[in-house]
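Two complexes come next, and they have one chain in common, chain A, joined by chain B in the first and chain C in the second.
And now, the complex of A and B:
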């Protein structure tokens, strides 16, 4: 059977368990000492919790848990959950992003109310994401999706006194509720046809019968649900609002971890439950994702060009990156080396996790200093905070795909994936949009380094938590350029677990 | 390991200088830059390579190969080394950087640690471009050049610096993407016949006719398509008319030391890449379109010179005449004769030194007078005798006065171009391009007569005296090198010949036979 040594099977869920345990511990602490302002203790608990989760995920990955040569994927609860290389890889992404967000929140939250609730909601959302990575049935998929989403709504609105934050939370919630309904409706349509919910069984049932048009409709609705979660066009409207209104660390959390969670579930659903071969003749989701990818990239990048606020620009850039990752699904044509294509999408999500989180954390830093939101407000910031500005420059250029960080290589791999799948339009859209993106990222860089500072530009203090998190993110972003091969080893094993061969 | 050491020292130096205090930045950066200079000179003396690095017979000097990544079926490598073509350009880079850093002491007075850090970062990337022999690695450095250059223009430049910097970045970045697409068309066309992205392997596979069809394009069409994309990409960098419009803006707005690097080394990246990619990998396509390419060269020569005529800003004059000079390189390259290819490479070095010299001198004059306009001043010779003396000698070198490197370079290019049978009507085109020199010569003489001689006239509220000794010293060194290469071109020409002759032997022979 599987190989966890002397440990029982359920120990494979250790990363998720560490996260949920931490969340409960924080609730407990909040009960004993309500409204605690002991920021250090709260952030410390949350930080250690996510570090533990990261440790478990990393250990299992390195030990080869759930991989074919160590007994294969661990199935739990009658196949409702599955722990394999892909699940562990994404749990590692979520845990690292959560860690960065928690460390950064230490300064951001100083002096604010409801800190324990904030941290426990972050941990709960992270738990939801970790379970999304392991979900192997439509039931667990939907429950974990909601577990990740509900705390997120509250987190976006967590600056209760701030109208923008509350408004953003409400919008996010309304769009989220609608798309959850769409998603679950899609699941029900698949259930009507197959009568089962477990992914593997769904695939078998679909493969064995004549399919009615209901399946195609179901697939379309499920795609809609994922488009919301990954903030892809046309369900992206919530993203700029939510990211702008939310506290910046939460924007980082949502745009990096939550997006990756949506993608891991999409990978799993479309490759194990609705494989292209079994649903032939209903709706070819590969083509649907091609369209979605091109539209998402193009709309988002051109919208980003017109933004005057840094956070909104980053929000649109994050939508654009969803479009880039969608290439990994859109290029899964019959010509493609499928595990390579999927692996390049995963690698991009990992690199993106660090560079995008880092960029939002620098925004959190500027919010901490009370610097305005417009690009102009960043004028001459480098004279005051050269390190933070250098870090943001690295993040932005890496996002743009210039060789300052891993983003250059991961985008390049996506390009190769598009070419490998022989979808020329995807490759062209990727290149054109990358070229366009250089322009709007450069605007921020230019403001920081080139423009003269306004007379009243002054910053107070250099918050240690935020700086630690930013340093960590920037070091990883840069190291992922020479060390990209290390990531590829994991992504290729992870991809092979869902698309063998 | 010497290549890695040079890169590592320069990069570490860049970081050290960037985080250090402003007070020491200038001197520290200059001292740091002496290390790669020494390293490259040591490589020069110990050079034991042979032939062209990209061709089968070539023996690469100082090479290291380390596996970096696997990319589907391809392996990406850390693969560096030099041959007779890249070594002179490497030395040019290190020499010019050190001198450019010295010439920054006077004009750069704010955010010094950042400026000097970026200059060293630029040097790292430039060295990387010339030593990389793996396409992917090469591309990383190639793109890496853009980032420090953008900041150097945008932060320390003149009044329209922001416009100039973004124009530079957008133009050259789009060009890079076009070029990138071109080479990847070749790589995909080669299919399974290559396992790494190393330039020698790609070159040899293309030359061995391993090219299959890709995306519905037949091998011959694919070659043409790739050649066209690569040429377009590099033409922006060189720049050839009509892709040159970013250059005058960038030059005029950039601070002097940055102009020196831009004209001295960055333009050579374009011609170096043309030589390495278009003319080495796809000689038959080049020969098919020889007339068109030569025409591009001639138009650049004449048009650049004519544009220079219309300028009053001395920096613009030098900038436009650079376009003219780079046109000669193209004419030399397409000739595919020993002196054509060799002369073109020699012209890259020579122009690097001379344009560096002229930009630096204009900078020295500007430091004192705060104007670069012909007609704003006259009679400078009385106040800055040494600077003006070097300026005039350098300008004569530009016009191709015998015993200066410019003369040697242009004569070689002309001889090479006259002899060629690749380009139809070569003698006629060569004769036409010679007019470029006449135009530039006449105009430079007129501009200098206006500015430097006559009675001194310039209203300033301070006294204009001789330039600082370190400025005069650095332009003096450059002038010395120009004269040295003019008197004894063989110092580098032999090495260059060693690198280009194999190319002439196989490509030239095949092409002439066919034509």
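And now, the complex of A and C:
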């Protein structure tokens, strides 16, 4: 039903429409002025576009669009898309991460070619992610996933003269193409069994009748597809390479927004299309996600311990955080309060969106200054750039789960979720891995604040765009510590509309 | 005489495995792209064959979308392979190893 007062139902897609409109506007500008170096105008258009999307998403969230008391989820195009509180919540995450990335890119891209293409690809990828949040059918799910992925491949390889960037783009593309083929095959196997592709209809078809092993194989392949998009084991190999080689704002974009997009789609697919009750006999995905979560956390955190490059270490930490969020899927046992478990996963993705984007943006800042990539290169950086170092310290400690930012509470609630689902192993793995992660985050913090600076350490200029974006991220990360209760309450309510029964 | 529907499933599984095998053993990036196409088309075979079996058009329409997306994917992939060739003077996927795993 129409619950926006005078607005039609399709207005629920306004955040996604704002993003795609901005992308087209940028293409139009590029057509008229192909050699333009007007970075301010391009970043401005992209920034206003993502701000508009954020405004729409925030407005709808506050107005209660898609909530049960306001007419429930809005189904569009014959149930192909659905706008509910979870979709709007994730659209708000994507729009804010896009905004941070665009503002930071203003300095990062200064003087480079093809800026209009860069910004429009960012906006198109953000559109794909926003549609992923609303997808309610395997058709729209796959198309939006590709819309998010294809621009990302190009963006990672966008430093065309840089061997690292091209290599990263190639590896991201190869693993991505492989996993999307696997994902499609999984979808086709579900279709073989059920004959429908809309999530609700798939669930109905699966609930009635005996299931063959084909469904189990299909679920396995679909999990593979999500493992790529969320950078979890076994398709995590691309992540360290792609994040290390890509331009740093793009690493921030991919590791925060793209991962959240993978998770929102996974939440919806596994809760509405493949409910555990009906498919338990073929492949119990709760068990599969428990295994994936534990393996992902452990592999990533121990690999991060051995890294000497800061960006690569953050990449592994991002893989580790995918493992933490997988807890929200692995703890959906029959004992659990499922909307609480899911809600804590969503809340962690919001907090993670800000702290991880912020951390990568500080790396972008150091790349802008031409500081090396090794941890030793950060020695004594605090003497030159105390604010940036303080911000990075907040981000890293928040990522580690120390009470400097929202990351402490969101990890704590994931722990409660694991206990609520009565999966002791997940809880233990979460605690052990968080403890391990403190070691490698502290190494960077120690290098910045304690070590003596090298003689040739000098930075020129304090780029305003990057500083604005970092300030915004650090303020939100810290504010989410006292404000986390509000977020969690909201996400748990949002999760109730997705959790069946 | 119509072919029974199980054979289509077998065919698609075979095509999928050929594609997967190609990805695992080939080093040429273009061969890699072709192998991915094979895997995507294995999905298409299932969708089209079972659209007939179930008597609806959902699968066939999705297959059309997939063909379009596969073309877009190849376009992006060829672009990346082109810059790969410019930077590394080769399109061997095992050559580009400036970063270690």
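Observations on the model:
Definition applied: the second predicted complex is superposed on the first by the 498 of 501 C-alpha atoms of A that agree within 3 Å, B and C clash if a C-alpha of one lies under 4 Å from a C-alpha of the other, contacts with A are read in each partner's own complex, and residues count from 1 in each chain.
Keep in mind that, in the parts below, a contact is a pair of C-beta atoms (placed from the backbone, for glycine too) under 8 Å apart; a residue touches a chain by one contact, two chains touch by 3 or more.
Since the model is a prediction, treat every value here as computed from it, not as a measurement.
Applying the stated contact rule after C-alpha superposition, one finds that A:403 touches chain B and leaves chain C untouched.
Of the two partner chains placed by superposition, only chain B is touched by A:340; chain C is not.
Touch criterion met: A:170 reaches chain C, while chain B stays clear of it.
In the superposition on chain A, A:63 makes contact with neither chain B nor chain C. When the two structures are aligned on the shared chain, A:110 is found in touch with neither chain B nor chain C.
Legend: residue contacts after superposition of the two complexes on their common chain; A:157 is shown touching chain C, with no touch to chain B. When the two structures are aligned on the shared chain, A:295 is found in touch with neither chain B nor chain C. Taking chain A as the reference chain, the count of touched residues is higher for C when chain B and chain C are set side by side. The touching residues of chain B, when paired with chain A in their complex, are 68-72, 114, 139-140, 143-144, 146-147, 150-151, 154-155, 161-162, 165-166, 169-170, 173-174, 177, 181, 184, 188, 215. Every residue of chain A that touches chain B in the complex is listed here, in rising order: 337, 340, 386, 397, 402-404, 408-409, 413, 416, 419-420, 422, 424, 431, 434-435, 438-439, 442, 446, 449-450, 481-482, 484-485, 488. Looking at the complex, you find that chain C touches chain A at residues 9, 12, 16, 19, 23, 29, 32-33, 36, 39-40, 42-44, 46-47, 50, 53-54, 56, 58-59, 61-62, 65-66, 69, 72-73, 76-77, 79-81, 83-84, 86-88, 93, 96-99, 101. If you check the complex, the residues on chain A that touch chain C are 138-139, 142-143, 146, 150, 153-154, 157, 160-164, 166-171, 173-174, 177-178, 180-182, 184-185, 187-189, 191-192, 195-197, 214, 237, 240-241, 244-245, 312.
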